[in-house]
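When the chains are written out, they are named A, B, C, D and E in that same order, and each has its own residue count from 1.
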Amino acid sequence: MANLLWLAPAFPLLGAVIMLLLGRRLGDPRSGWLATLMPTASFIVIVGVFADLLSRPASERQHVVNLFAWIPVGSLQVDMAILADPLSITMALFVTGIGSLIHLYAIGYMHGDPKFSKFFLYLNLFIFSMLMLVLGENLLVTFLGWEGVGACSYLLISFWHTRNSAAVAGKKAFVTNRVGDFGVMIAMFLAFSALGSLSYSSINEAAHGGTLAPVTATAFALLLFLGACGKSAQLPLYFWLPDAMEGPTPVSALIHAATMVTAGVFLMIRIAPVLAMSYHWASTIIAFVGGLTALCAASVAVTQNDIKKVLAYSTVSQLGYMFMAIGSGAYVAAIFLMITHAFFKALLFLGSGSVIHGMNHEQDMRRMGKLRLVMPITAGTFIIGWLTIAGVPPFSGFWSKDEILLYVYANNRGLYAIGLFTALLTAYYMTRQVIMVFFGEAHWNDHSNEHGAHGDFIPHESPRIMLIPLVVLAGLSALGGALQLPFNTDLHFLGRWLAPVLEESEAMHFGTQEYQNRYLLLGIAGVVALVGIGIAVAVYAKRVIKPIEPRLLEQAWYYDAAVSRVVSGPGATAFNSISWVDTHIVDGAVNGVATLVRNSAGVTRKAQSGFVRTYAAVIGLGAVLLIAWFAWRSIA
Amino acid sequence: MELFVFVCAAVMVIVGALGVVVRGNPVHAALSLVLTLFGIAVLFVAQHAEFLAAVQVIVYAGAIVVLFLFVVMLLGVDRAEDLRTDSLAGQRPLAVVVGLGLLGVLVAAIVSGTDAVITRGTGVNGATTDSPDSNIVQLARSVFADYVVAFEVTSVLLVVAVVGTVLLSRRRAADVRPEGSRPS
Amino acid sequence: MIAFPILTMLVVLPALGALVVSLISHSRLEWVKLAALVTSVATGAMSVWMLVKFPSGSAGFEFVSKHSWISQWGISWHLGVDGISLFLVVLTGVLFPLVIAGIDVHHDQKPYLAWLLLLEAGVMGSFLSLDLFLFFVFFEIVLVPMYFLIGGWGYERRVYAATKFFLYTMAGSAFMLVGIIATAVLARRDIGELTFNVIDIAEKANFSTTTGRWLFVAFAIAFAVKVPLFPLHTWLPDAHTEAPTGGSVILAAVLLKMGTYGLLRFGIYLFPEASVWARPVMYTLAVIGILYGAIAATMQRDLKRLVAYSSIAHLGFIVLGVFALTHQSISGGVIQMVNHGVSTGALFLLVGMIYERRHTRQIDELRGLQHVAPIFAGFFMVVMLSSIGLPGLNGFVGEFLILIGSFDTARWWVVVATTGVILAALYLLWAYQRVFHGEPDEANSSFREVSMREGLLLSVFVAIIVFTGIYPKPILDRIEPSVKALLEHVEQRTTYRQPQVIGEATK
Amino acid sequence: MIALVVQPTPMWYLLLSAVLFVIGTVGVLVRRNPLVMFMCIELMLNAVNLTFVTLGRQLNDISGQTIVFFVLVVAAAEVVVGLAIIVAIMRRRTGVNADDLAELKG
Amino acid sequence: MNSEPIPFVGPSIQWFEISPMLALLAGALLLLLGGALTPQWPRGWYAAVSCVTAGTAGVLSFFLWGDVVNGQPTTLVGGAIAFDRFALFSTITICGSLVLVSLITNDHLHREGQDAPEVYGLYLIAAIGGIIMVSANDLVVLFLGLETLSLSLYVLAASNRRRGESEEAGLKYFILGGFSSAFFLYGVALVFGSVGTTNLGRIAEVLANEQTIPGNDALLLVGIALLLVGFAFKVALVPFQMWTPDVYQGAPTPVTAYLASIGKVAALAALIRVFVVAFPSRMDDWRPAITVLAVLTLLIGSVLAVVQTNVKRMLAYSSISHAGFMLVGLEAASHRDSLELNTGVSASLTYLMLYSIIVIGTFGVVSLVAGVGDSATSLDDMRGLSKRRPVLALGLTVLLLAQAGVPLTSGFVAKFGVIQSAVNSGSYVLALVAMVSAVIAAFLYLRIMVSMWLSAPANESPLKIPIASGLAIAFAVVVTLVVGFVPGRLLDAVRDLGQFVS
């Protein structure tokens, strides 16, 4: 079965090709259905492979499908090979699974859009790239997917490119990612020059076998982390993600919440052994970057009014959590959160999408409220998602977040504090959002004249096709915690499943003192969540406390502004000056030579006065000089 | 004795030459040229080149200068040219530089080199002074033996002179003649 | 060596075609077109056939044809193809028919086609010749048709651009001519006779260090102008911008490669020691070119100029790879020559189409083209992504090989050069956004979608782009042996050794 | 008296001719009337003639004189041609001098 | 008369060996006498006679060439005339050029309505002068040949009486020419004085057999300098070139062609012969001078050419820089090594030959464009030639590219040879300077091409090509291309031009 793994990426690719060739002919819903079929098919394939792997003993749960030699030159032998092991399969499972759901949802959401089929073309292409990314057997194949998803996200963010903001956001996303890719590429070069290979197996073996010098390992890990920062929107490269919300909501759900943005996390986990090999401060850096990102993003989310912006920042902060976990050696936990996050964040985005859809593309939460009455299912599922992300037991978010906090606690108390506070904020702003959208009183018609819907406009529930995914995802987010329950190691399903890949690198804590008082930590986490919710309720529902929404946070710490100021200010000046140099100095020199020739000619030709006596004089002069030279030779 | 001759002739030559250069009126210039030519002729005689002296006088003084004068008269360009100033800026200084420079190098070369001539000169051809033949006979031998080609070429040269003059002094009518029609 | 002198035909046929074209009377323009098309297609077909026949894995020169030409100077009509020149020849052979078929000029089609064919002959010759003199002849001959193509069918400042191109390149080759002669003359001592045969000189002659370096410099200047290498690049933007579309395509696709090819074939092959010695300079210039070209491109207002500057950046990569002297980097350089030819050629084609429709190349006069011409935009997008170096498209393969290969020999240069990848994304995407995104104003709303012919033309390019990106192995297999041989040649004659990968064992 | 003891050496003649030559050169440079410039050229030729004769005598070589003989012919021919040209021009524009003929320049 | 006169024995004259000159002389006399005694001949007959004569002379020298190649170089008529490959090659060049020039002259004279036997007569006589110069083995003979050539050229330059420029050119050329030949003659005198003979071979012997004492050489070297001045003037080397542009522009276009081809060949060949044959022992003294002159000539020639607006003037300057190239060959020959001497001399002479053919063709086109009155020679008059007469434009393009030294033209072969000889003798700098100047000069050819091809026609009137000129131009173009493609034969022929008689 595992040999058929190649079918998994093949299906979406096929779908993309079909879309490209006769997408228009297929037309509105049909192309959508076809497109939805593809990821579903690959999902089935993956499940098959999953079963196959399960059926094997843990040590042999690894299968490489070598498609063909991709770039073979001398000692560099890069194959187009994909790898089935617990990690990649886990990723592939939820990528395809959620992917299919979102495709389904999109059929409804994108209904009537002139570029309907093109949208699904991009989506399928994305699924393909994402699968290449997670299934890749070597860095280069992963990089192929890595860049592929980047391109797709670019295409999808700027899908409604006639909106200038969308176009700009797309470009921004791509270029920012490129900065990260710089790191990835250098990392690849480093790997090749150190190990002569790019395949994960040899890299990780080298890490285990100690043939990899710690310094190299550190450099390698940090370079990849730079790439991860780009893809997974971590400081300092996070600012593209909020803008990415310009894309259609399904895109935000699929790419900028569930799958693509977690690629960075995945990559770090892929090379976990190397990270383990490298100096300890490398991990610390990663952990702190994650922590800070989580904190900042959460703090910003507190003040946002755009329903999707809030979710975007929360995504950033959740990703920060994951990196915090990685930095603390909690790889399983990171994956755990990644999965649950995929569930609930997709849920939330789709929910918000449903809201937006129902509100005729209104995204400002201040014009919502009371929607639970008109769109009950959306509201219900959204609330589940809210509880999950807020970390309310027994929803999955609680367990995953808690496991991370456990490791972080063991790793570094300061980080733990940050983590807790972030959790508090998370609960707070999510509650705020839920209240503003679904409770309180309705502001649907406040100066709604700005956009089409005039008079007393009633939002409507979305079509069933959009609601089904919501329900499914709600279920998953509610129960996802079951994958890894902390009570005893038998319940660590995920952990055991991933063990073949990760156990050497995992920072084991069973039996340690922190592990002993894990229940205490559990309690704290739960309390913090509830506190956060409580405050929010007090502020936005009961209005007993005045909301604090400082401009600083609304503007996201002015970070984005500062960056663009630098780019358009000194950056542009520098570039301009260089191109000025090109035209005026480098090329100026060239034309200068020409002018020089002309001018010197102009001067010289003055002697060519036309007066025969001048000519005679010059001849005489020349004669004198010649004779003088010869006379001198005769004497010397 | 030869000294005396040399000095007189040299004076004639120099004076005449200067005259050519400084006398504004072409006619006077031509006459001073005659003076120089005579001086040269004298110097020829002083160096046992009697035949050349004769030719010098006849050809140059007799023919060439007369030709000059004839042209001057023909064209009526005997107006004196004003030599106090030179219309071309910097021409005079340039001339001085060239003149002095040339003089300098030539004199230097001659002074330092003449002895070499003596060391080298071991009468390649028949001797001039202590030869049985008279100057003219030796000349004839040389012309028709060693320099017969040159001699023939001079004849061509003269043809050129003639033809050239003919070509240049064609009736100007020929120039305005329309294409194709036959010349007069 | 096979009976049929295919290489000679590759050179002669286009020349004959040019002759025929120029002889057909003005009244029969369609015949003119036909004749041009036939000859170019035939040439292309032959080049492809040669590619098919080319024994993969052969390191030496194939299909060699050698006839004494000017025996007095030891000059012979000596053609041969190896892995390094193979794909450049094929590229030339394939590109010209496409250009002839795909792009029409509006006046004087006859001379235009004649010059174009003559150009093809010249380019073929310079890629094929194994005789220094012969190479120089073709190298120079190319200038004439290109001069007339730019000057005769170009845009506003065409005469300036054409003259600049001609003189600049000629100035470069002035040095090379002296270099070539000196090489032959000095090699005579070792070889015993005066010969311009590249192989003999490379194998038998051993120049003293200083001599070798001087000669190398003489060659390098000429090629640096042709490549073009910073700071000798300024003829390129003008020439590219003012040239007619077909001209720019050819210029970018094949003419520039004559420089990098020359560096490889004559610079490194003839003067290994000198090229090892010159590496730091070459690296630096190449890297400067990469960043500088990219930055300058970012700031261009003229779309065509932008593409031109991007060429400077791309060729910087190639030079870097060529001089990094590792298996991967040189192979990457060679394949990148082809890739750049395809993708930049396609870009110029697209820009030309834009100009055809809108009669402007100013970026700020173009808006929202994707809205009115999505297919056109799609083509542009693919080509652009390949030029950005997206994995899975051809641009990436070359760049990646170059960089990964150079990492050991030119580590920090590579690190800097890699930032060029970011910049590439910057300037191209920015331009794309400004030109294709947004709401089209009325001037642009009438923008015509690609016609059938244009579509076919572009699909060929896209096909090559995608194929090379996904499955470059067949190409690499043919390039590799020659590169290997070249590197062995270098290592035999110098103290330079290729870096050995430590981790080889673990693999 | 001195005249009888001191003999003029060839060098004297050579120097004299050199001076003559230089005078001729300067003349060409300073005179504007083509005829006179031409006379100055004749001066130069004569200077050369003198040199020839002197050197020929010095070398006991008659050919010195022979050459002068040819030079005379050359001079004559030159004069004829030269005067023809001058006449041709003067006919067209009377009293023109060398400086007036400067249409061709640059 | 104190004794018996010694019986006179004249030198033996090898009539057949000097037959080319005799043929030309005969032709000249036929033209002059016939022309003078009979009424105007029908159109083209004068030219025909001149062509036939020149052709005959050329053919004769071809026969002689065979003798020389098989035998040893000798001297004729008492050592006055050299009979070697060098002389014959130049003779052939001169005769060939003469044919071409006569052809283009024919049409020119008919346009001007000035068809006259004297012109052709002077052509032939001047050619005799040229041949004498290139084969003279004696300074005096050389001087007389030079005067013959020059005097004819003075007259020819002034011969178009309709154009004031023509007369001005004539006068300038005449005065400066006389001036410079005075210098030359002085040089002859000093050399004669310091060596005791004017025969090149003997000079070489004398100088070779005695080691030089410092200071002793003064007269000799100054003599050489003065000779160089005279030659430099005739060849138009900077700074003795100043007459060239004016005369080239002023003279009737065919005469300009004559100046640029035969005039240059004669002067430069003579220069090479004199210096290489007579003064090899003083190479170290005159090589630097030659180098400096070459550099100046190359650079100033091409630089000044760039800014001109009159085509004839442009070509004048370009001919100057070409002269520089030829000097590079001489410089290469001035290194003590027979091989280099050979290659250098051969290169220069080959260059001369190929250049003369190219330049005659070029001026042929120019004179056609110049039209009646020989006046339309400005750059603007060339505009749109490609429209008026594409064939002509194409031909001119080929010739210009050849002058620019583009491969597959004879011009490239010529340049290549010269540069090769320079590199052979290790004068890389000079080679580089030459190439650079070639690049600068290329700009001017491009300018002409631009106005021919890329600018709108000044006047649309289609240009008709007369047969004679057409022939000449076609021949020039064909030779340019053929030599460019297969120079082998030529290179075989010129291999040993450096084997002088001595």
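Note that contacts are C-beta pairs under 8 Å (C-beta built on N, C-alpha and C of every residue); 3 or more make two chains touch, one makes a residue touch a chain.
Nothing here was measured: the structure is a model prediction, and the numbers come from that model.
Asker: Would you pick out the chains that touch chain A and also touch chain D?
Answerer: Chains that touch both chain A and chain D, as defined above, are B, E.
Asker: By C-alpha centroid distance to the whole-protein centroid, which chain wins?
Answerer: The chain sitting closest to the overall C-alpha centre is C.
Asker: I need the chain pair with the most C-beta contacts, please.
Answerer: B-D
Asker: From the mean C-alpha coordinate of chain B to that of chain C, what's the distance rounded to whole Å?
Answerer: 69
Asker: Between chain B and chain D, what's the gap in Å when you average each chain's C-alpha atoms?
Answerer: 4
Asker: How many Å are there between the centre of chain A and the centre of chain B, using C-alpha atoms for each centre?
Answerer: Going by mean C-alpha positions, chain A sits 100 Å from chain B.
Asker: Can you tell me which residues of chain D touch two or more of the remaining chains?
Answerer: Counting only residues that touch two or more other chains, chain D contributes 21, 24-25, 28-30, 32, 37-38, 54-56, 58-59, 61, 63, 67, 70, 74, 77, 81, 84-86, 88, 98-99, 101, 103-106.
Asker: On chain B, where are the residues touching two or more other chains?
Answerer: If we look for residues of chain B contacting two or more partner chains, we find 88, 91, 94-95, 98, 102, 105-106, 108-110, 112-114, 117, 120-122, 124, 141, 146-147, 150, 154, 157, 160-161, 164, 168, 172.
Asker: Which positions in chain E touch two or more other chains at once?
Answerer: In chain E, residues 140, 144, 147, 151, 154-155, 158, 161, 171-172, 175, 179, 190, 193, 196-197, 215-218, 220-222, 245-246, 307 touch at least two other chains, as defined above.
Asker: Under the stated touch criterion, can you name all the chain pairs that qualify?
Answerer: Touching chain pairs, listed by label, come out as A-B, A-C, A-D, A-E, B-D, B-E, C-E, D-E.
Asker: Quick one: which bits of chain C touch chain A in the complex? Just the residue numbers, please.
Answerer: Interface residues on the chain C side: 164, 168, 230-231, 233-235, 292, 295-296, 298-300, 327-328, 331-332, 368, 370-371, 374, 381, 385, 390-392, 396-397, 400-401, 403-405, 407-408, 414-415, 418-419, 421-422, 425-426, 429-430, 432-433, 436-439, 470-473, 476-477, 480, 484, 499, 501-507.
Asker: Note which residues of chain D are touching chain A in the complex, please.
Answerer: Chain D residues touching chain A: 25, 28-30, 32, 37, 98-99, 101-106.
Asker: In the complex formed with chain E, which residues of chain A make contact?
Answerer: 597-598, 600-602, 604-605, 607-608, 610, 612, 614-616, 618-619, 621-623, 626-627, 629-631, 633-636
Asker: Can you tell me which positions in chain E touch chain B when the two form their complex?
Answerer: Touching chain B from chain E are residues 1-3, 5-6, 8-11, 13, 25, 28, 32, 39-40, 43, 77-78, 80-81, 110-114, 116, 118-119, 121-122, 125-126, 128-129, 132, 138, 140-141, 144-145, 147-148, 151-152, 154-155, 158-159, 161-162, 190, 193-197, 202, 206, 210, 213, 215-222, 372.
Asker: In their complex, what parts of chain C are in touch with chain E?
Answerer: 69-73, 136-138, 140-141, 143-144, 147-148, 151-152, 158-159, 163, 166-167, 170-171, 174-175, 177-178, 181-182, 185
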